[in-house]
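What follows is subunit A paired twice: with subunit B in the first complex and subunit C in the second.
The block that comes next holds the complex of A and B.
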């Protein structure tokens, strides 16, 4: 009996295959977008964690220098001779031909067992590792790149992140020219209890505990939060589809429900059957969704990886591995989302009187009170959003503003549309037009969810589009200011740098050293650059504000410039003094914009920097020359010094490279944008399809009064377009508000810099066109049905029990 | 004469890799007979002190090796070992991390029922480990062997020995009651019938006092110690698989160093009789008989822990027994090394070392 009843319920789908497809696609899309984004995030996070545990040995406590960026070899010996079980590391970036890798020099004899990254399979391998010839242990991808340029033997080890190479500390010392000084010291767990304290043995070091999260994860948090927000938005939009599809299927089966109940199926078992049915669909679509999500993520990941590499220097593999955690998360989201969006329909079935009329009705009949309540909720949310925008702080609050703003606008939309329609109705005199507006208003409740979804995706499109374009424009202008030198040259070692310093002045207008060290400033390790006293900086450097006489004070060595990030995050003000290392304090004399850099930075006079860090690497130079002569000079340098091409970069290609990084970022954003819009379009389609099925009783009288089916169909199209249009207009201010929140709040909180907002109406037109096409597509099928509906069906409306 | 030929230092590198599985016979044989640019010991070269107490980086392997037979106030017997090995990847020295020398420290304390072992590894050139001839200092991490040179006499006449690990440690003061002993032919010690040899000298006349702590509880001890110094580049012939080595303190004040190098065909045996006043008499290979009597399981292997030692020309016939059957050195290259006692035509104590099992 139960089985027969279940089959009877299922038979509905055989008659309505399109509805089934809608439902399945709805859940699938929602799950796919959600799990796709999650997959990308999971992959990136896993790769940070792996990189941190392998590259930084962050499973172990570490000792770092308090000042400066290196630890003298003697400090290491002192620690060992005091009984500390520690192991030294020398690391740094090194160029093998055109390829830059992070070189990590470890000492295999003292490296704690729990952190041996690779296990040499025989003695000769360990001897090879230590021996003078050296050995680079790298990932397969890195090995392929370095094959011809490394100049030393390579050993492939799967677990090592790309673009990193492990080598013996001796080899790293030689290649990086460190003269024995160490980057950091790794501590073994379980030190002897009787050891002398660190403060006594090596007061110049500070210890960092093992559980610190990987820096990279912290740095890229905001990026992943963005992705998650996108994924969630898409998921919510997908749920709208599921909501309308299940609602429709329940409506249309009211007769079946009544019959089954009359035949003795208990309410309990019928609810159970419906639940099983919906969960079955959720399960199937969930699996499909996770699979599609996987492919989606695979398609997007190379772009994301390129962005992360460019923006943060984070190495994330371009390929995806199938992780059980997002399988589970994806399935859970599919099941929970489906349950949530079909809850209302199930609830109705439970409360339906056993002998209630079986006729379908507009299921989401919404009273004026509901509309008012929604509007009220929208207004409150809007208030919260405004409050958070001005009173809140932190990235979470920024996203709070975003979320509240979007929800508020969604809630306010039906009221806005209802008002607009009433207004249009009042302006119409023709009877058919009045009917048209009134009928549209009647449909509003049924369409409002889909329209909300549409509003959200349009607003997000406008908002993100505005942000991207503002960013691009500002960034390009800033690059022009910042990249003034015609050529940038990087020497391979100090000897070559010395020769360059000798040679370059005779062949160019000016040579500007670009030297930097890593120092502890205000509790963080950040870069300190030294700049020469030259008009290049005085005339071009993009200052946001500064004291009078900025450049003179920088040149004298008692003034420093800090970037916008340091200014905003640490509250450093011009006129304030900060300490750059032990016993070196400078006055902050200005703030400069430093887009694209997630960290703080400071600029001081070159002489002052060299005086305090006499051993800094003096490898990079900017060269001023008549731009027309630059290409010749580049060739000359390449010939004269035998430098690889990548070590001499001209301004144009540097700008191109910098731009490429940002283009990548926004390509990913763009792809997600298009996807959300597609989902919104599909939600609209599902809603219209639902409505078209139950609207015959409303259309039949109009048809009976002489309006042709073709005209009715045209009116349907016009109605849809009108609603789309109104929603689109509503989306513009919401989108602009969104862009403002992104630029002025989220960006500042996440990256530490604020961008001026610029408006690009032409982009909206393009978006409007896309939306128009989508609307026409979504209404096409229902309208074709209406245009070809059998007149007998229309007649039956009057003949039937209703 | 002390046949630590295996150049633990170098083997330890192998052992690092091969881990607890240890090194089989092939591993020792693999130590190689050609010297790859390393210096080779020459017969007739006169050793000079204090210079030769220091390292010889042109040779492949070298060690500073102390074993001590100790006794607590309550009569409990103990043994202590302190060893620093040097192993060169290539001959010579280098600046900082470019130094090709590897240093390995082994420390052990043996009691009747326990055997404690620790190991330290480090690179030369950076100050973590090394040896300086005068004033003498040998160290790896906080393990040290420092000389406290008296006004006259040898640099190594007074030595402070320290080692500390998680669960044991010791601080011993060694005072020499006799002069240095040159093994073999004035310090040139032949190790196979094919001519492999090393430079080898000893100080077998140390008297010891100090403290051994086990699990944090210090125990005052006194006793006798034996220092071996040896360096070479080609310690084993290709067919030699391991060795059994004895240092014996006789009741008469005389000392015996005896060893047997096992090879695929049989064994190369050698011994040196040291009189109480330090005169040495090398024994002919046929005049020394080393015969295993009892095997015991140590470190998962069957090791002969009791021996019969016969030197007919001197009327010596003794049987040895270990303080602890299980004196297994579970270091990167595992071996057996522990204090022994002997009875027979004379009695006394000493140390036994066995490798390649």
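The block that comes next holds the complex of A and C.
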């Protein structure tokens, strides 16, 4: 009995294969985009965790200096003598020729076993590692880069992240010129219980417990949240398709439900059968979705990896590994999402009286009350969004503003469209025009979800597009200001650098050293650059804010410039005094913009920097010369010093490289934008296809009164275009508000820089054209069906027994 | 070629030897087997017959909603069967008014807009005539309502108003009172007859009811696919 009833229910899909395909595609798309994004996030997070575990030993408790940025070796010795099981680490950025790597010097014999990079059996390698010649343990990619410039043997180790190198602490001390000053001390987890307290042995140190959340994971939170938001948006849009398709299938089967109930199938059994049916589809589509998500993630991951490297300096592999957690999460989302989007239809079936009318009624009737309630919810959410925008703080609040704004606009859209259509209807005098607008309003309930999806995707496209274009324009202008030297030269070692310092002034207008150190400023390790006193900086450097006489004070060594990130995140103000290293304090005299860098940075006078860090690496130089003479000078330098071409870069190439990094950074965003719009287009197509199945009774009377099928079909196209057009118009202010939130709140919170907002109407026109093509495509099949409908089908509408 | 105002003796509609069959899973079924029927201008004729005898099919053919397999349908001398899709659409718009048992009002338009819709499409909208129709049909208080807010009787009165507002030469009504109770049905039919006469329209009305058929000028039967007296 139950099996027969189940087969009877399933037989519906045999007669409506297109509807079944729509349903399957809806769940598949929703799952694919969601699980694809989750796969990328899972891969990146695993990579951060791996890197942090290896590079930072963050799985172990550590000891750090309370003040300053180094620990004297004597403090370490005191701890060892007191019985503490600890191991020293010296680390810092080191440049091997043109390549900068993070050099981590460890003491392999005392390093706790959890973080040893050699197994105890590798005794010969251990000997090489601690030998005077030294050994660099690096990833295959880093080995490929360093093989000609490292000047010491390389050992490849697969698990080490790119752009990092492990070496013996002695070698690191020598290379980084630390003179026995340690960066940190790693503690073993199982310390003896009778040890003297840290405060007694080494009061100058503080203990930091083991942390399983790497810094990089925190730093990139906003990026991954952004990706998740895109994935979730696409998921929700996909569920709109599922909602329409299941809603229609349930409506069309009302007669079957009634018959089955009359034949003795209990309400519980029927609900259970429908649930099994829908879960069966969710399961099949979920598997398909996760598979497509995997391929999507594989396609997008190289772009994401480039973005993370460009924005945060994070190293993420460009290939995807199989992770059961997101497969399972993807399947769970498919099942839960399908259940959620079918809930209303199932609920209606449960409440349907056994003798309910069998005719399919309006597909998703939306009363005026529903419309008003939606508009009210939209208004409240809009109020929340405005409140959070001006009263909230933090990244979570920024995303709260975004979420509330998008939801508010989606909820307000049907009321906006209804009012617009009513207005158009009131302004029309022609009977067919009046009917056109009134009938369009009648279709709103059935199309509102798809239109909301469309609004969201268009608004996100406009918002993110405006943000990216504003960023691009500002960034390019900023690059023009920052990259003013005609050539940038990097020496391979200090001896070569000294020769360059001798040679270059005789062959150029000016030589501008680009020297930096890593220092502890306001509790964070960040780059401190030194600048020469030269008009290049005075005339070009992009200052946002500054005290009078900025450059003279920097040149004199008592003033420092800080970047916008440090200003915003640490609240550093001009006039404030900050400490740059042990005992060196300077006054902040200006703030400069520093787009693309998520970390704080400071600039001081070159002489002052060299005075406080006499052993800093002096490898890089900017060269000022008549631009026409730059190519010749480049050739001369290459010939004179035998430098590889990558060590002498001209301004145009550097700008080109920076622009390429910028474009790559937003390539993923662009791809997700297009995908979301495509899903919204498909949602519209699914809704129109669904509606076309119940349109005949509404259109047949108009046909009977003398309007041709062809004209009706053209009016259907016009109707869809009118709705798309109105939605597009509504999406423009929403998108601009979104862009403002991204530029003024989210970017500031996430990266620490604020960009000016610029408007790009030509981009909207382009998006409008894409939306126009998508709208025509979405309506094509339903309209072709209508234009070629058999008159017998139209006549059936007038039959007395339907 | 409007025939409004024609006198009763002028021939308006002439159906000659109309044949129509339908394809079903079991094969073709010939539903009309050579129907002949004439209707004079402003004449009212009741078309009766058993269920499935082809009454609605005949009405659809006369209304230009469908084409006969063979035979000639002349409306005021013009061959309706020979018209293309656009010609038949124009014919339905200007020469015919249709009233159905299911009312088939336009759900998106309110009562006022439903009533004026066909007249405006036909280019024969007349405010005074519409006002008179609304008064006589008792729809004055319902003009801003939508079809879903009306009873069956009210909906049928709106459907009649919509048809007659266009003053079509020919009104074709397919069991317009079939969904109404006897008293309401009688009232609706009386109104329809009276208003058709005021509009100068001929009326071909399909009905099962002998009693209702008796109210019309003439009564014909469709049996075995042919008209019998």
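Going forward, the second predicted complex is superposed on the first by the 662 of 802 C-alpha atoms of A that agree within 3 Å, B and C clash if a C-alpha of one lies under 4 Å from a C-alpha of the other, contacts with A are read in each partner's own complex, and residues count from 1 in each chain.
Just so we're on the same page, contacts are C-beta pairs under 8 Å (C-beta built on N, C-alpha and C of every residue); 3 or more make two chains touch, one makes a residue touch a chain.
Please read these numbers as outputs of a predicted model, since none were measured by experiment.
**Q** Check whether A:726 is in contact with subunit B, with subunit C, with both or with neither, and answer first, second, both or neither.
**A** In the superposed model, A:726 contacts neither subunit B nor subunit C.
**Q** Touch check for A:439: first (subunit B), second (subunit C), both, or neither?
**A** The second partner, subunit C, only.
**Q** Applying the document's definition of touch, where does A:791 land relative to subunit B and subunit C: first, second, both, or neither?
**A** Touch partner of A:791: subunit C, not subunit B.
**Q** Quick one: is A:170 in contact with subunit B, with subunit C, with both, or with neither? Answer first, second, both or neither.
**A** After superposition on chain A, A:170 lies in contact with subunit B alone.
**Q** Based on the superposed arrangement, let me know which partner A:431 touches: subunit B (first), subunit C (second), both, or neither?
**A** second
**Q** Quick check for you: in the superposed arrangement, does A:706 touch first (subunit B), second (subunit C), both or neither?
**A** Second partner only.
**Q** For A:109 in the superposed arrangement: first (subunit B), second (subunit C), both or neither?
**A** first
**Q** Show which residues of subunit A both subunit B and subunit C reach, each in its own complex.
**A** Dual-contact residues (subunit A): none.
**Q** Please name which positions on subunit C make contact with subunit A in the complex.
**A** Of all residues in subunit C, those touching subunit A are 22, 56, 60, 63, 65-66, 85-86, 89-94, 98, 100-102, 104-109, 113, 116-118, 120-122, 125, 174-175, 178.
**Q** Where on subunit B does subunit A make contact in their complex?
**A** Its residues touching subunit A are 13-14, 16-18, 89-90, 95-98, 100, 102, 121-123, 126-128, 139, 141-142, 164-166.
**Q** Which subunit A residues qualify as touching subunit B in the complex?
**A** It is residues 73-74, 76-78, 80-83, 88, 90, 107, 109-110, 120-123, 125-127, 130-132, 168-170, 173-174, 179-180, 190, 192, 194 of subunit A that touch subunit B.
**Q** In the complex formed with subunit C, which residues of subunit A make contact?
**A** That would be residues 430-432, 434-435, 438-439, 441-442, 697-698, 700-711, 791-792, 794-795, 797-800, 802 of subunit A.
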